[in-house]
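I have placed the structure first, in the form of structure tokens, so that the comments after it can refer back to it.
Order as written gives the chain letters A, B, C, D and E; numbering starts at 1 within each chain.
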Amino acid sequence: MQFDSFSAFLDMGGYGFYVWLSFGVSAALILALIVSSVLGHKKVIKNIAIRQQREDKLRQVRKQRKNTQVDLTQHSTKEITQ
Amino acid sequence: MNQPKTPHNLSYRSVFSLVLKRDLTIALRHKDDIINPILFFIIVVTLFPLGIGPEAQTLSRIAPGIIWVAALLATLLSLDRLFKSDHSDGSLEQMLLSPQPIFILVLAKIVAHWIITGLPLILIAPLLAVLLHFNEQSYGALMLTLLLGTPVLSLLGAIGVALTVGIKKGGVLLSLLVLPLYIPVLIFATSAIDTAALGLPYSGQLAIIAALFFGSLTLAPFAVGAALKVSTN
Amino acid sequence: MWKWLHPYANPEVSYHFAGRMLPWLSALAALFLSIGIVWALAFAPADYQQGDSFRIFYLHVPAASLSMGIYLGMAIAAFTSMVWQFKLADASAAAMAPVGAVFTAIALFTGAAWGKPMWGTWWIWDARLTSELILLFLYLGVIALHSAFEDKNLAGKAAGILTLVGVINLPIIKYSVEWWNTLHQGSTISKLGKPSMTADMLWPFLFCFIGFILLVTLVICIRFRSEVLSRNSIRPWVRTLVSTQLAATEK
Amino acid sequence: MYRNKKRELIPLSATNTDNVNVDSTPIESEQVNMPPPLLSATNLTCIREERLLFDQLTIAINAGDIVQVEGPNGSGKTSLLRILAGLSQPYEGEVLFNEHAIATCREEFHQHLLYLGHLPGVKGEMSAQENLAFNLALHGASDKSINTEATLAEVNLTGFEDSLASHLSAGQHRRISLARLYQSNARIWILDEPFTAIDKQGVHALEQLFKAHIAKGGCVVLTTHQDLLTFSEQQVKKITLDYTFDSYDE
Amino acid sequence: MNPRRKKRLTIVASILIGIGVVAGLVLYALSQNIDLFYTPSEITAGKKDSGIKPSVGQRIRIGGLVVPDSVKRDPDNLKVTFDLADMKMPIVFDKNDPMIAVYYEGILPDLFREGQGIVANGTLTRDSSGRLYVEASEVLAKHDENYMPAELADAQGKDYKKLEYTEKQLKSKN
């Protein structure tokens, strides 16, 4: 241990402000980077899931529409033949 | 027509002059493109004495920096016209689809851009230098650095424009991409002029600017070609 | 070597591989960094000239060399992607850019905080500081280009071109600023390369350095996974993966 | 590069392509003792902004073919044409000209290609004649063989030769770009909506031009919303990009 | 030779020529050995290759080593003078070496030591006795990359005490 007391440790031989500022800002930046990366990963997964749900819905709607379309064409041909 | 007559093969030189002529014609018919960057250059340079104060000694000390920074910004401002209008009316994709090598087309367009923006800057710079009480010993250095440096600005700028031409709001992004690449030119040019003002030989700095010029001349057309392919994709 | 690498060129395999690395990387990074930082702050001797402000060294030097190392990695990835059309390289380049930018910012900030007491100023237009600042601009340009394109594939290609242009430019920039401002006056007083340090100063540095390398790899792995997912979002394996993960979190 | 030949992509938007129907029967039957196709594409996959437009598309276009690409808006017609022309790169697969990948023979391929996109590529600062002359020269026509006045007359632009293009209408811009077809030596014509802003008479003239072109051994690939009137059903090959088929993850 | 191969050859040749020219220019520039600061001997005797001397009243940048025992400080304020000598290896100081005095008022950087390399920006001036000196507006110290614990420095007999300032000196600044 290079320092006699905790206050000496904080003081850093008169350079405490600069040393702690450096370490503090670096820690904050790295922490922000890690948090944003992890959150970004979750967000990507969420976005894909949302899109998946939207597509499932659209696919169902289209299936229904296709069925009705088939009905319609049958109707119209009937009308013409009549 | 099973054996189609092969189209007339243009030589590199005729492709180059074809595109150069076209771009110059368009610029001459659209005079704003030529006049606006020069006006901008003049106004920026005249702003400095107003902002800093008319003291001759101060002005002559910072004059190289003022002129070069203004030239840099004027070039940056004019870069947009290099590919933007061609991109938006479809002539760019026609050029990329032509059977001519892309780097020749790109080089011709960059040379046209330099003739339209760089050359007028060089011609007007000595007049402005007088207004800034430029050191008499360094006029030669100013002209030489501008002559070698402004083509580098056009060449490197073209890479930035080619990357951002397909993006809707590419203006600010363009300056973010291009300005860092301009820094070496700025540093060596002002250093050459300062050295000349001290009466020292500045051939070293000039050689570096020349090296930047030849380096960007050989490599930039290929980078621009690759970037244009991405942008028109 | 290509044969060995081949399976890892598959996005699914590399995604899971990166995932398996995460716990190891985070444990090792935490271990090395905590040992290194405590040692550096409390146990390493102070410098004879700079006193305790020298402790910033343990942060500044790893950050600065990583900022350049990551750029180099990004450039290699961009080159691979351009020449061999290797799509995963784009994803890894995209993952590296923000990490590199953060470490460049750290190097700059700690450098300034160290320069204030030592040089007497927060900032001087010194060769190293200026070229590091330009490196930060290049990183920001790459990140901006990545986010400017809607299509991730195109974004990767465009950013790759800029990265490579930047890598040609970096030595020029470094050299130009060195020439322009000659505070670092030649090799007579500055020491080239190998820092001659006593072992009790060097060891904490090594711990910090390895710890930071592990940390950087960890963050790049996390970001790489997100990039791979979003680039392959239409592949079935991503869909099943997403739905199983979502089901797990809902429980 | 690792590539799974199986269908491994999920079409993203359900309102979009779930499958691609290539009406390939005539093409394949002809292939038996025919020379290799002029332009072909294998396993083309196109992804735009994380949407799958088409997947594993294989096309062969021979000399004498007229191919119409059909599909609703946003189904990837333009993307397909741009990929065939070499303007865009497909996500997977490749385009072959005379059995060579177009990336390896760009200049030869472009000598035989005429692509007209949505944008006419006409500069407002130049006259109709200058525009046409520049485009022809750029694409390899020799100066002597160009008679721009006669060509502009073909597209009903007599009297407008010297007016700046910025004074002309959108339809006239399109005519200037279409005028190149009359002077073209290219065998492959790729035309994206050539009939927009063209009147009935003009459409008819263009169709005659296509007929002459394919008779000479060229080929035409085009998208259009209206039917080609003077061609019979059998003559026109169709590539349909649409959503009439169910997606494959079912 | 077929035209395609010929084209390719011209491209490759022009790139090679371009790179060659660049390399040549860079080598030439390096041989020019530009440095933007004057060493003390260059101020008295002129630059080696050009013989150019800075003139009195000119703003210059001077670089050199602080001559040991030359630092004189005013006890009442922050005025300080010291001599600079040329840098050379090994570091030895000879009384007959050309030296230039530097005048400065302000807080010197913590790394300012006797025997240390520094760069000063200022005006070249001549005093009443005809001696040249530099009126510095800025003094910058180089941090060298030799780090060592204090004990080791003591053992090597290094002088590493940083300058202390009295209250009075600091007050005079305001």
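Definition applied: a residue touches a chain if its C-beta (ideal position, glycine included) is under 8 Å from a C-beta of that chain, and two chains touch if they have at least 3 such contacts.
Only a predicted model underlies this, so the values are computations on that prediction, with no experimental measurement involved.
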Self-check item: Chain labels contacting chain D and also chain E
Solution: B, C
Quiz item: Computing the C-alpha centre of each chain, which chain sits at the greatest distance from chain B?
Solution: A
Quiz item: Using each chain's Cα centroid, which is most distant from the centroid of chain D?
Solution: E
Exercise. Identify the chain pair with more contacting C-beta pairs: A-C or B-E.
Key: A-C
Exercise. Would you mind pulling out the distance in Å between where the CA atoms of chain B average out and where those of chain D do?
Key: 36
Self-check item: Chain centre separation (chain A, chain D; CA means) in Å
Solution: 40
Quiz item: When the centre of a chain is set as the mean of its C-alpha atoms, what distance in Å lies between chain C and chain D?
Solution: 46
Practice problem: Going through chain C residue by residue, note those that touch at least 2 other chains and give them in order. | Solution: 45-46, 51, 117, 151, 179-180, 230, 233, 239
Practice problem: Scan chain D for residues touching two or more other chains and write them down. | Solution: 12, 107
Quiz item: What positions in chain A touch 2 or more of the other chains?
Solution: 51
Exercise. Provide the residue numbers of chain B that touch chain D in the complex, in ascending order.
Key: 1-2, 4-10, 15, 18-19, 22, 25-26, 29-30, 85, 88-91, 93-101, 232-233
Quiz prompt | Complex interface listing, chain C residues touching chain E | solution = 45-51, 54, 57, 117-120, 124, 179-186, 188-191, 195-198, 200-201
Quiz item: Tell me, which parts of chain A touch chain C in their complex?
Solution: 1-3, 9, 12-16, 18-19, 21-23, 25-26, 29-30, 32-34, 36-38, 40-41, 44-49, 51-52
Practice problem: Going by the contact rule at the top, pick out the chain E residues touching chain B in the complex. | Solution: 3, 7, 10-11, 14-15, 18-19, 21-22, 25-26, 28-30, 32-34, 36, 47, 49-50, 52, 54, 58-59
Quiz prompt | Contact footprint of chain D on chain C as seen in their complex | solution = 6-7, 9-10, 84-87, 150-153, 230, 233-236, 239
